[in-house]
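Each of the next two complexes has chain A plus one more chain, namely chain B in the first and chain C in the second.
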Partner chain A sequence: MTPKFKAQAGTFESSDIMVLIEPVAEGSGRQVDISSTVMLQFEEDLKACINQVLDVMEIENVHLIAKDKGALTPTIKARVETAVKRSLGIQEGTL
Partner chain B sequence: MKNALGVEIPEYIEGIGELQPYQGVWKSIIEDEVPATNISRTLKAKKAHTSKVCSSLEEAIKKCKPFDGMTVTCHHHLRGGDGVLMQAIDILDKMGIKDITLASSSLTSAHDGLVPYVEKGMITKIFTSGIRGALGDIVSTGKLKYPAIIHSHGGRVRDFLTGRIKPDLSVLAASAADEEGNATGSHGPSAFGSMGYADIDARYSKNVIIVTDNMVEYPCVPSTIRQHFVDHVVKIDSIGDASKIASGTTRITSSPMDLRIARIAATVIEHSGLFKDGMSFQVGAGGASLAVAKFLREDMKRKSIQGSFMIGGVTSYGVDMLEEGLFKAIFDVQSFDAAVSSSVLNNPKHVEISCDQYANPNNCGAMTNKLDVVVLGALEVDVDFNVNVITGSSGEIRGASGGHSDTASGANLSVIVCPSFRGRLPIIMDRVHTVVTPGESVDVIVTERGVCVNPAKPNLAAALKKAGLKVVDIRDLKKEVDSMTGIPAAKELGDKIVALVEYRDGTIIDVIKNVTNLG
Partner chain C sequence: MAKKKRRSMLYIPGNNPAMIQQAGVYGCDAVLLDLEDAVALNQKDAARILVRSMLESVNFYDTEVCVRVNNMQTPFGLADLEAIVPMQPDNIRFPKTESVQDVRDFMKEVRRIEKKHDIKEPKMTIHVMIETAKGVANVYDIAACEPRIDAITIGGQDLTADMGIIKTPDGAGIDYARKRIVMAGKANGLDVLDTVFADVNDEEGLKEETEYIKKLGFAGKALINPRQVDPVHEVYNPSEKEIRKAYRVYSEFYKNTKAGIGVFAIDGKMIDAPVVQRAITVLEYANIDIKDIEKSLE
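Up next, the complex of A and B:
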């Protein structure tokens, strides 16, 4: 699936993550930009976790920006899933 | 050579000298004789009715005949508002003095301006109980010529007496002083309370300058620093930013996490066997530790307990407890907020003490040795109960040893309060990045997920379990937390020693290696 709308989920609070989705043209692939207060400690884990959600939701063309303040894995997964759903126009249950 | 915690300690470091490895909390304090090489300042005389007052700090410093390689000391009672240390260093730099050893009782955010002086080699050695901010970063990356020495508050006094620190010039800020140098922090527009750390500098430094923005008519009473220790007195426009020196009253945290940890910690104290009339108590000024005082206050009222004394860094919260009669006295080495100054000034039960009396391990009357309960914070703890309060998550120096190891060693019950993780970073490690306080002197670690009791205190663990507290094995708690946060990647460190952590007895308990990536 390909995101159609700009969308976001999350906050800038400590232990949360803000996820922003920007639609891109079909065929331009995934671009995931991550900044995090725990980048030194969890960079690989953050990348893997975000990409795993995108894989499961079959999102191949997207620009995802994540600003992490030390969220735990379930929080990251929930925020990414919610942002993606909103960007796909599947708003139900995400508002 | 390896110390008792298995840390490789160099036998000798250029510019610092020979090092002794840490052997245990009390071992060298009890067994080793400590020669005091620096027990008196140089004998001096002054003609009758001559003036000590200089028209500028520059003039006063010139009169002290500064030289390359000298040791300059200051106190940190002005905290983040200090405007005096930077002025003194600026003047010495303009005079072309270099290779300075800076021995401030601590360094705060007000001292980021030291960075260029360290980078150009004007300051080549630092003794301090804490470093933060940009200064912490450049020391962490190895820009200071010789390793910084991080001592405890009590250890600093010891270092003065043994001659590890040989103070040549002490520039001491006061919120009120007279023409002879009788000085205090307890009154005046920039009042900051106790001058407990500065008392040592005044007694043992070769040259003492009192700097104040509030010259009062002779005599300045009451005073902490007495005139017979003071060489020169200077009136300047401002000793710093009054709003950052001391402001208002300290509020108890509203963080639900800190309050929960504090509630558990107060319950630990209540069931420790020490919660009875005559209890003495110290608490840090940080979030969860200060909040313990709130719950302890309620518990003491509920059970009609009257304590003996409180010591330490004193907040207005402690003053309130004194005034309610919950304790008979406060012994104050450092005051944390503006409301404390008036209590130091007006309440005879609020006793200003020197850092020597507070925590020097090598005297026969340190207050920390009379302490029943102390509550302290932590950046990291480990499965052996060691505590790190000096290095952050990238390995950078960003904290303070302060009185942490002094009070933990003396107290009958030392309680560490900390969350089990902060912003995804687990707090319980296999081994803390830097040991400041050894696990041997830590009894209980309180987190929101459970209470860990040092295995050396099985009776305490049993009492806390009986009281219904969730007592958990620290290794089990570590596993639980790691499973939620994941295991952080190892820190990126070099091989260069950038700082030595001196235990209160003068031995080296840990070394800090340079950070290659500050993140």
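Up next, the complex of A and C:
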């Protein structure tokens, strides 16, 4: 699946992560840009966690920007899933 | 095992990861992860996904976990159930319950989702929330209509809004509702939980209200700030004198029962079944398992 809209999820609060999704052209591949308050220790874990969600949701072409404030894995997963669903136009049960 | 206490149930907004991940360390008996009023309309999807994700992996230790979903009449209710029921939190809270039919419709969806996910022995219980005049009027029937209901709670803010009155510190406007809901709960063996105390800076007011609802028979109270946990527990925890008395009553009861004696006296006062029951309740609140007392007397 390929994101259709610009979308975001999360906040800049401590223990949260802000995830921004930008649609890109078919065949462009994934570009994941991360900045984090715990970049030195956890950059690879963050990338792996984000890519895991993108894999499960079968998102191949996307530009994802993540601004992390020390979010735990379940928060990262939830925010990426929310942003992707919003960018796909899937916002089940939301006005 | 001693009965699980529900002195304090702390509301945690469903879109606040920092609070959810710490939910197990606030010291409250239960937490309520809220997808309803604590979440902005344009963040309902984010909160639903976050709470589901947290339930999958966060350790809440021995804190009971309840999730309040949105009412089924809103565009969010069904999507909340689809996300949360498969996670089987300890309880799910059904807000603005007004009739037996509401509960039946809600449970039909819960059971459909459990069946879809092949959950054969669901552990999740149901809390119904009474927060309209119609709900108060129907509360006896609601309390008795579904065996998976194990608690009723009163929503004071919405109830006063529905009644067109202002919620005053003395709780006059919701006093009848509190008493009626407690009776409906007690008549069906359910815990009854009180509404929130909104002023987090008024500790004395919180204690006063907690003393009152404890006397009415409420098992505990909803809280909106971790600072409210200790004052509420202080009110519910029995004093040393009460614990000693309850221990003595239960010990004598056990010894006399084994000897085939039904009614007996301590210090010239008759001890019968209701006195023993009250002693058991005190021991439960003091975290004393009556089985341990029995073992010590063998």
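Going forward, the second predicted complex is superposed on the first by the 92 of 95 C-alpha atoms of A that agree within 3 Å, B and C clash if a C-alpha of one lies under 4 Å from a C-alpha of the other, contacts with A are read in each partner's own complex, and residues count from 1 in each chain.
Just so we're on the same page, a contact is a pair of C-beta atoms (placed from the backbone, for glycine too) under 8 Å apart; a residue touches a chain by one contact, two chains touch by 3 or more.
As the structure is a computational prediction, the values presented were derived from the model and not from experiment.
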Joint occupancy of chain A by chain B and chain C, clash or fit: fit
Chain B versus chain C as contact partner of A:K85, first or second or both or neither: second
Touched partner set for A:S35, first chain B, second chain C, both or neither: neither
Partner chain in contact with A:K77 - chain B first, chain C second, else both or neither: second
Cα-centre angle that chain B and chain C span when viewed from chain A, reported as a multiple of 10 degrees: 70
Which of chain B and chain C A:S14 touches, first, second, both or neither: both
Greater residue coverage of chain A in the superposed arrangement, chain B or chain C: C
Nearest Cα pair across chain B and chain C, whole Å: 5
Doubly contacted chain A residues - partners chain C and chain B: 14-15, 71-73
Chain A to chain C touching residues, read off their complex: 9-10, 13-16, 71-75, 77-79, 81-82, 85-86, 91-95
Contact set on chain B toward chain A in their complex: 393-394, 422-425, 484-486, 488-489, 491-492, 517, 519
List of chain C residues in touch with chain A within their complex: 16-18, 21, 41-42, 44-46, 48-50, 52-54, 56-58, 75-80
Footprint of chain B on chain A - complex, ascending: 14-15, 37-45, 69-73
